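Chain naming follows the written order as A, B and C, and within any one chain the residues start at number 1.
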Amino acid sequence: MINLPVLDDITKILFVLVLATAALIITIRTLTSLLNIYSIQSWVIAAVAFVLYLKNGSIVLLLLAILTIASKAFLVPFVMRRIQKSMHIKRDLEFRYLTPIGSILVGTAMIFLVYWSFSQFLPELSSETMFFPGAVIGVSLALMGMMVIFTRKQMITKILGYLTMENGVLLFSLFVAELSFIIELLIILDLVMLIVLATVLAFGIDTSIDEFHDKLNSFTLWFKE
Amino acid sequence: MSFIIYALLNTAFVMLISPLFVSLIKKVKAYTQGRQGPPLLQTYYMLLKLLKKERVYSDNTSLIMRITPYINIVCVLVASLCVPVVYIPAQIAGFGSIILFLYLLVFAKFFMALAGLDAGSTFGGMGSSREMTVSAVIEPVIIIVFAALGLLLKTTNLYDMFTTSLNSSLFINPSTLLISLSLFIILIVETARIPVDNPETHLELTMIHEAMILEYSGSDLAMMEMSHAVKQTILMAVFINILIPWGLTSAPNALTVSISAVTFIIKGMVLAVAVGFFESMFAKSRLFRLPNLFMLAFFFSFSTILFELLK
Amino acid sequence: MLLAYIISGLVIMGFMLLRFFAPARRADYLNSLAIAQSAIFLILSIASLIYIPQPSFFFSRYLMIDQLAVYGALISCGIFLLASFYARGYVRRLVELHDIEVRELRLFYAAYNLLLIVVVFAFYCNNLALFWILLELTTILSAVLIVTLNAKENIVAALKYVFTASTAMLFSIIGLIILFALTKQATGVGTLNWDVLMQQAASMSPRLFTFAFVFIFIGFAAKAGIVPFHTWLPQAHAKAPSVISVLLSAVLLNIGIFGVLRLYAVAHQTAAWHDVSLILIGFGVLTIAVAALSMLPRGNVKKLVAFSSIEHMGFLLVGIGLGTPLALFWVLFHILAHALVKTLLFFSAGILHQQYHSNQFEDMKDVFTLQPLAAWGLIVGSMAIIGVPIFPVFLSKLNILTELADYSLPVLFIILLCFLIVAAAFAVILIRTIPQTGEIKHEPYRVSVSMKLPIMFLFAGIVILGVYFPGGLHNMLVGIVNSLGF
């Protein structure tokens, strides 16, 4: 649709913000801040989808942007905050296998790795100008999310790492549009269910079994009916 | 000749507005804490008051203590010549080089650390050692950040950097945004703001910068405070003139210079408010957690380099 | 035809979930519904096999019924039916022991039935993205099933399962997206449907295809339990109630392998075939080796059987990687054989767990006097799983290994060595366990008929299949191999 180079610049600025949020997720320890940063990241990715919609005109992207905001910027943090509030111990401190400095170094190494391996194959794949930076940043975001899963001990942070991975994959998929909307919708629904399940399970690790089974019943049956 | 005019103008301007920014940050912090805070001109009053008071030296101090305030203020003012605030002058040999800029600041910091040790009190020694620890970790990061900046703007001369960003396309360059995140972190560190160091505390556990100037009094203290304020202003100027250079001019005449001065004051005030808010959001970090913050700056500069490659 | 599946599934779920249908003897009622659903689905699958021309497409080519799909669906429905019978007595016992809460039963059976529906539809998928979604759903549902047991280790095991599988599946999506872009570049219209992919495979750039293949493979391999993505498997299979372990081992692992199989069929059409085969064989050998070595120190019967599942999946990968029509024929047969034998093993382990309230071998004293059926089940199952001649696994192993000899002798030696280790592991453990006598005399646990029936059926089935190869099965497998393009 609109084809200004301004849109490309805006996309690049949004990429910068994505990278910033990724770096913060890797290093920050307080759980509530992590959730907020994740919300911001989802907003930014929805903004990227919107800008791409302005550029391409494909309605799927617009719907995807709205869906991302609804599910990832509101629903998921809402669910997670509720679960987190009902956990008896209010936890702010984090335990980790890798220090924050190490995590940042590994994160930068990952970005370079993705850049190097993708630069050999990918530029041929699409005519979209922002495809290559988008692909690199999307996949590196996914890899950094995976790093969060494996190097942190807290379950909520692991779930957040998984959510970040999802965001990275979503960012990557935005540039190869035209995956039919039904598929995208189902994928997002799937992932939301997964998150809720994981959160409920995480809740179950800390509390007594009885409360957990109560919660499990009410949550999952609410979904199935 | 034109350089002398530039030098006088720049230095006078910087010295005049630095205390304003300091009080503005204090005021913002006070508002966020729910109190009124000191009036905006308070720092001016403080400096004037200190200039009139006598200096007292401890018996155990040496020459270092007496010359450090002068070295400090001179180094910082010369460094301020490297950072055009009102207008960008024509090139003059050597000035504007980023290496010169950084090393002048480090030179001043070094003497300040020495002076902290000089009085032989535990506070001073502790402050100096902490300052040197933080410095040892942040200096490589600063070098990388400025290297990324140099790669981005294709020059290591601050005058040329400002000219390039002034002449570049109207919209914010995304790599500049990324590097300005790093520059912001460096601003926080070098001017000893929360979360690195609390500039308003006098508690032994939390002092870094304050500990080193604890022994000073009278006009010495005025000079140290002034040099701190000027250092803050020129670092803010680097940040502002790279990110949002509009208003700055390289063609000096009365109109453009005054526009540039006014816009700089406005931009500086906005940045000071931002710094104030940033300070209010955090608590002072423990010393060994500081490298995490620096790593963020490192990460952003690395990403800038990557972004440049990705283009 | 697919509508029939959906309608019957929905009806049964409705019966299960609506509160006013629940009578007093809840567990049995729910179980009858489960048996009914598995039976209906089995009948529908057989009907699809006989009446529907293959391949046929439904729902705008998102779903298809072809021979491979029906084969998978048949195996799954059969196993589910056997497991439903077994679950009748097993779950009743679990409720008595308060290992499962009564109010959880509805959740358990609802997830159980939903899992069957999702599995069958996963087999009937034509679209890769839909396949991915259904695979994730199976992860979620089976995790819920694992967690209904009243123990904390189950939650840990389920979490590990969910995270490992889903993380790998996210890699899969990256691969799917790359594949999609690849097809869009090659032909102008992007697609993720198997049939279109098979046709367009030749026009895709081989290097890029291998790149996409590796990513997609990571996800499917994690679901199928291939090393190094297998870390969730031993814990999940061991901690789950035995009924669920059966489903995990004999049905869900199959879906991953089917995905890899179809992907390999597409790869076969491209020039990247040899690289892809190499990758598959490499991972397969690694899996067999790691599984074999992990089996030696095991003291837990279900963990032993879980590692045996990993080993067989590795073997299947090797068979697929070989790529000859003969190898693929026997791979398909092996899937069926492995499913049956694994079911027998887990059923026996379940009975033993009910008796001794522990899965450790050293706790199982006086096995023959207390539980002769389960003991025989364990012995026969172990012999069958390592490939002793009367049983069907022998046939498939022999033939695949013969093909492997043509391909590469050193690899054959490594695999034979690993199989020797596996056999030794099983043998040592059984020889040590069976004659154990304990001082305390346990009472024999009365195994209900519903648990004995499936085991007897499996005994018979395994022996028959090992000795007599049904002609119908032969034709069907040959048809599948042909339809895959080999």
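Remarks
As a convention for this text, a contact is a pair of C-beta atoms (placed from the backbone, for glycine too) under 8 Å apart; a residue touches a chain by one contact, two chains touch by 3 or more.
Since the model is a prediction, treat every value here as computed from it, not as a measurement.
Chain pair with the most C-beta contact pairs: A-C.
Measuring from the average of all protein CA coordinates, the nearest chain centre is that of A. The centroid of the Cα atoms in subunit B and the matching centroid in subunit C are 65 Å apart.
Separation between the centroids of subunit A and subunit B, computed from CA atoms only, is 37 Å.
Subunit A and subunit C have CA centres that are 31 Å apart. Shown for subunit C are the residues that touch two or more other chains, of which there are none. Within the complex formed with subunit A, the residues of subunit C that make contact are 17, 101, 103-104, 106-107, 110-111, 114, 127, 129-130, 132-133, 136-137, 139-140, 143-144, 147-148, 150-152, 155-156, 158-159, 162-163, 166-167, 170-171, 173-174, 177-178, 180-182, 184-185, 190, 192, 205, 207-208, 211.
By the touch criterion given at the top, residues 121-122, 124-126, 139, 142, 146, 149, 155, 158, 162, 165-166, 169, 172-173, 176, 178-179, 183, 186-187, 190-191, 193-194, 197-198, 201-202, 204-205, 209, 212-213, 216-217, 220-221, 224-225 of subunit A touch subunit C in their complex.
Of all the residues in subunit B, the ones that touch subunit A in their complex are 171-175, 177-178, 181, 291-292, 295-296, 298-300, 302-303, 306-307, 309-310. By the touch criterion stated above, subunit A contacts subunit B in their complex at residues 6, 9, 12-13, 15-16, 19-20, 23-24, 27, 100-101, 104-105, 107-108, 111-112, 115, 132-133, 136.
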